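There are structures below to look over.
You will see chain A twice below: alongside chain B first, and alongside chain C after that.
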Partner chain A sequence: MIPKIEYFSPVNLTELLKLLDRHQQAAKIIAGGTDIIAGFHQGSARFKGIKYLIDLNWIDELKKVELSSDGIVIGSAASFSEILKNELINHHFPLLSTAASRVGSVQIRNRATIGGNFVNNAPCADSVPALLVYDAEIRIRSVEAERAVSLADFLLKPYQTQLRSDEVVTQIRLPFLSENYLGDFYKLGRRRGVAISRITLAVLMKLVESKIDDIRIASGAVTPIGKRFVSLEQFARGKTVSDHLYRELARMLGNEILDATGLRWSSAYKLPVVQQTFYQQLQHIYQTGNLR
Partner chain B sequence: MTIELNFTINEKKITLKTEPNRRLLDILRQELNLTGTKEGCAIGECGACTVVMNGKAVNSCLVLAPQINGAEILTVEGLEKDQRLHFLQENFLKHGAVQCGFCTPGMLMSAYALLSKNPNPTEAEVKEAIAGNLCRCTGYKQIIDAILETEGDIK
Partner chain C sequence: MKKTFNLVGKPVIRQDGYSKVTGKARFADDINYPDQLFGVMVRLPIAHARIKKIDFSEIENHPSVITICTAGDISGSNISGIIKQDQPVFCDQKIVTPGDVVAMLVGEDEELLRQLAGKVKYEIEPLPALTDPRKALDSDAVLIHPESKSNLIVHYPLRKGDIERGFSQSDHIVEQTYTTQLIEHGYIEPETVIAIPLAADRSVKIIGSIQNPFTARRIVAQALDLPLTRVRVEQAELGGSFGGKDDTMDILSARAAVAALKTGRPVKIRYRREESVLESYKRHPYILHYKVGFSREGKIKAMKIDILADGGAYASMSPFVTWRSVAQATGPYEVENVCTDVRAVYTNNPYTGAMRGFGSPQPIFAQESIMDEIANQLGKTPDEIRWINCLHSGSITATGQKLEKHDVNLIKVLDTAVQKTNFSRQWQACKDKNKSILPFIQKTHASQADKSLLLESEDLVAPDLLLRKGIGLALSYRGCSLGAEGIDAAAAYLSVQPDGSLYLVSGLAENGQGMRTTFSIIAAETLGLSVEDIHYLELDTGIVPDSGPTVASRSTLMGGGAVKIAAEIVRDRLQKFLCDFWKLNKQDVLCFEKNKVFSESDPQKTLRFSEVCQLAYRKGVCLAAIGWYPGPKVDWDESVGQGAAYFTYVYGCQVAEVTVNLGTGEVYVDRVVAVHDPGKVINLLGAQGQVYGGVTQGAGYGLWEEISSADGFIRELNFDQIFIPTSKDVGEIVPVFVEGDDQHGPWGAKSLGEPTLELTAAAIANAVRNAVGVRFFNLPLNLEEIVLKRKLKPGGLKRGSAV
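Right, the complex of A and B next:
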């Protein structure tokens, strides 16, 4: 059951920010509602004590996807369907398109927003590893101020972020990459269609004459929150690619994941799968040379 | 809190007053007596509650009533015209795509949303379009065949 609530439909940011400021913890933002309405139904503790719902759907500027001088700006309330059909994103940030295509079903993608996906910081949020390898920066507004923070810093712990109760995420900004990045996004669920992710990995790599000039690796689902593997990336930079190196990187990734999660009942299954997947991704990126 | 909703359903303009904590699904079934739309899981997983909202398939169990203000909604009741089944529905019957029938309204609406954007879908596109609709009876093959046969202008 959805609790008794008051509902607000602000039509611009100023109105929205005033409402958030006035109601603070008693208010919750609703965007696509796919998380919050299902959460109400299941009696989720994350959505207890809400008196006011403030809807983002009537604020056009939060749904736009636009070019900026150095990248693209995605409105936080853009749906995954909109992201999926956006040519700019598809062309410049294809791993995000792939991730969007793997979210839920058509019906879910038509409602679910990208902002709502990472604001809850559920480990299974599929947009997160893709956004992390693209060095996403997010913009946050309150009545008093606007702030910019990297997505990596924004995500604190499972189901916990830097967001304060008087704040809204307005934009996700992705800076353009220099040429020649290759990449891959992988999602494993319990079944192929409409499945909660068990393992997600995003990899971007730039090779210059068989040397790794840059590499970015991010996980979701298999770690407590989506994260980049910074020390592994550092280790790999400057090295010449080879089957041996891929195996070494895969082994190291396994260790880093084990460090992040601790040993779990599922580790015996998941770790080898992650390692093998990552190894295949690296091979695949090298062999096909496809930016995927 | 009572709110007023203005929207179009199956080409009819509707105005009604309700509470904001209701779902589109509740408005359809309880206020408008349009019980073709089914409630299965209530959490977006089964697709039995699928309707077409502003041209897109959505789970009506996950749309908050006030979010439909100004929207155009099509439910399974809106498919037949002048007491005649839509040929998408005819094809479901022809291919044996209806067994218990609980998933059928949602399946039809997902298929309708697909075909109205993409009149000649591939089998893969059909499967993608109904991936959010569970059927426990047919095994899907009959449903996919029925949708594939319904190509061309569906309106």
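Right, the complex of A and C next:
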């Protein structure tokens, strides 16, 4: 049920920050509303006690996607449809485009924003693994200050982040990669459309003469929140690629996920399948030479 | 009868299409009255309990609560039920499933009432919840409805020939158990009804998303203790039903009507998705045990079938659903010796009733799977084994009925499907490729709940080995209309106006199947008009005779038959009138075509249809008629399940081509070729639409959809967890119609709606078997089923995202 709420539509950041500052916990930012509204109807605890909704959609600067000197800057209120259409993102950060293309349906993508996706921080948030392998940094503003934090640090627990009640996420910054990265984003849902992820995997890999110079591996939906597998990445760096190595990495990923997640009702399915799909993905990246 | 048609068999765009896609159609919740109230349900969070006390003291004086309706407000019978009377409108003795309603709060502020509903206090005596239908008949099982002395809702035996002799004559015997799941209809529009009191004579008008207005009328009249005429039910534009807007809507209508008469104001009830899924009935889960004996040549000698259906908390349609199962359980095969037992039992699970397919998708899944297993065992192809056993003209069915007086097109649909898909070659090729079972699948299939979760590096399979193609077919025959379930007749009212336009309405309901367009085509064809000349009226129980329920794929056959008769009555009157007018011979034949009427022998004699009507009207000719189409007699001996179960049958064969990803368990439906004999196609677009929808729905049943419950409580209450297929999930669907002659129905048109759905899951399951080399016995063939050969369910009920 949608509670009785007061709704604000600030047209610039200053106005927004003032409203947040004034109302603190009683206020909630609304971007696309695709998590909040569904959450109201489900009676989610995290959307209880809200008296004010503050809409981001009227603040143009939060919707922009721009080049910066060392990468691109995505406004937190950019919708997945906008991300999908954006040439810059498509060219430099294709795994994010792929992830965006797999979110919900056309209607959902038209409303759902990238900021809403990771601030909500569901285990199955599709943008998160892609953003993590690109080492996304986010900018957060309050009336007093602006801060920058890596996405990996920002995400704390399922449905919990570092965000304070007087703050808004304004930007996502993705630094350019050096050339020669290969990569892939994979999503498994129960259906092909409008599907909550059962497994997501994002992988970036840079090979120098068949040796892994850099590798970044992140997952969603199989761990409590989207995460990078740092020790696995370290293990792989410097090794020569081979079928044997891929098998070994896939085997190890299963162990890491089991360690991170513990046994769940779904483990019997998800663990072998994530191992198999990760193996498949590494083979696929190597064979097709998929750029980034 | 050879006849060329002007409209019949051509593609006609449905009359309600435009208003629906532009949002102009008015559904029940679009209808509002200025002084209307809302009714909000009170439920208790338990699956099984005796009610000791319900205490409204905390809310009854709340200014927003105008009244509270309970069993005490029911002046007639509080116990309803279409077949067996066992379902209270408001529960006052027991709760038997979590969807049960003990009271309804009535007031203006619907949201507030929903909050207040949680403040009702109660004292209950919890009873053990019976959720496993296999334990329902144990001697120590708790009784769901103690007054019926047993949890058995119904038992149908069928005995034909000598089953023991049949098995002793068999060279081989296979014995397998299959299960099918509970599923939700998934109509897009949730239940909505509004009851308007007509103060003058204590009568009530009901408008709602109601599948069967006449049944709703009966249940309301019974609850209010009113004559049928005091309850008038009008059907609003309906947003999907698939069999699902019957019992639930009847009871909701009764609740709304009780409140409307109590308050003297219109009362609306509208469900949210969760409430709809919680309270409405579903498709029966079945446990099906098949034992089949056959010769080394592949001829089936004996079939012993044991079926257990979970009826859930109320009988609802279980007696009819399972009756169709017992009649059709062997599938469309000649079997000399059959011994079938079908039982439906009460449990505390959500109750089950009518859903498109109605007792056929379950046995078809089992019977068609086992046919393929027999083929595999004998080294034959699936089509070969069916050819050997297939029913043909003059065959005797399992119920002892001789198939005659219509084209028994079973072999023809099979042949057509096999040829169109190059079936045997493809099947053999996939089978040869898929001989080796992957170590990965072997390992995951053997895994147990908490062991062998992780793979070793050598278990991983090269990507190119993971995608497997398969092809499978399924074959069925289906008895048309109600059969020995009940009295079978339908009416249509047609009234031609002096300008030649006409009103048409039948006693059957438009539930989205395109019936109004089909009936308009029939009337237009008969009178030589165009579809636009016909204005189809809203169904209202006050203006047309009760024509039984709109179920069993019977609209075109029965209602269409009635429309044709009504149109013929008017045409005959006009013909007689014109013969006099033109001074023709009585034997002279007049042609009704292209909005004109003319004499075949003397083409000078031609008038526009509108002119004829104008003339006839002035001369006092009655231009309105009721067509009445009674079904032929059927007969049935319930003690042995023998008799002419249905007066005619339709035949269908579907071939599914799939790709299975063995690494993830995904099954992609590449293509379904659906060959059906519906008798005669009336509206080609409508018929194709039935196939597209039926196949998609059938694929959902085969692969994704499932409602599970924990202690009787449903886990999947909304579409984030109920996976009905999207347009991305099913590939190409190819409808093919093989028409057959029949003396019944308009120009021999029979049934199509349910046949299109009943085969798909079975065809897909056989295709998966062909692709993987492993038989799966339990629907749905979802990700876990393919990878692990078992289902996985979370322990509790909590939705992750509700944190």
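By definition in this document, the second predicted complex is superposed on the first by the 291 of 292 C-alpha atoms of A that agree within 3 Å, B and C clash if a C-alpha of one lies under 4 Å from a C-alpha of the other, contacts with A are read in each partner's own complex, and residues count from 1 in each chain.
Here is the rule we use: contacts are C-beta pairs under 8 Å (C-beta built on N, C-alpha and C of every residue); 3 or more make two chains touch, one makes a residue touch a chain.
These numbers come from a predicted model, not from an experiment.
A.B. asks: Between chain B (first) and chain C (second), which, if any, makes contact with A:106: first, second, both or neither?
C.D. replies: first
A.B. asks: Should A:194 be classified as contacting the first partner (chain B), the second (chain C), both, or neither?
C.D. replies: It touches chain B and chain C both.
A.B. asks: In the overlaid three-chain picture, which partner chain does A:21 touch, first (chain B) or second (chain C), both, or neither?
C.D. replies: Neither partner.
A.B. asks: Quick one: classify A:53 as touching chain B (first), chain C (second), both or neither.
C.D. replies: Touch partner of A:53: chain B, not chain C.
A.B. asks: Please work out whether A:42 is in contact with chain B alone, chain C alone, both, or neither, and reply first, second, both or neither.
C.D. replies: Touch partners of A:42: chain B and chain C.
A.B. asks: Looking at chain A, which partner touches more of its residues: chain C or chain B?
C.D. replies: When the residues of chain A touched by each partner are counted, C comes out ahead.
A.B. asks: State whether A:267 touches chain B only (first), chain C only (second), both chains, or neither.
C.D. replies: Once the two structures are laid over each other on A, A:267 reaches chain C alone.
A.B. asks: With the two complexes superposed on chain A, say which partner A:213 touches: chain B (first), chain C (second), both, or neither.
C.D. replies: neither
A.B. asks: What is the contact status of A:258 with respect to chain B (first) and chain C (second): first, second, both, or neither?
C.D. replies: In the superposed model, A:258 contacts chain C only, not chain B.
A.B. asks: Which parts of chain A are in contact with chain B and also with chain C?
C.D. replies: 1, 38, 41-42, 105, 193-194
A.B. asks: Inside the complex, what are the residues of chain A that reach chain B?
C.D. replies: Residues 1-7, 9, 30, 32-34, 37-38, 41-42, 53, 55, 57, 81, 104-108, 110-111, 193-194 of chain A touch chain B in their complex.
A.B. asks: Which residues of chain B touch chain A in their complex?
C.D. replies: 1, 3, 19-23, 42-45, 47, 50, 56-59, 61-64, 66-67, 69, 110, 113-114, 127-129, 131-133
A.B. asks: In the complex, go through chain A and note every residue touching chain C.
C.D. replies: Going by the criterion above, the answer is residues 1, 35, 38-39, 41-46, 105, 122-123, 158-159, 188, 190-196, 198, 244, 247-248, 250-251, 254-255, 258, 263, 265-269, 271-273, 275-277, 279-280, 283-284.
A.B. asks: Applying the document's contact rule, which stretches of chain C touch chain A when the two form their complex?
C.D. replies: 111, 114-115, 272, 440, 443-444, 447, 449-450, 453-463, 466, 663-666, 668, 704, 720, 723, 725-729, 782-784, 787-788, 792-795, 799-803
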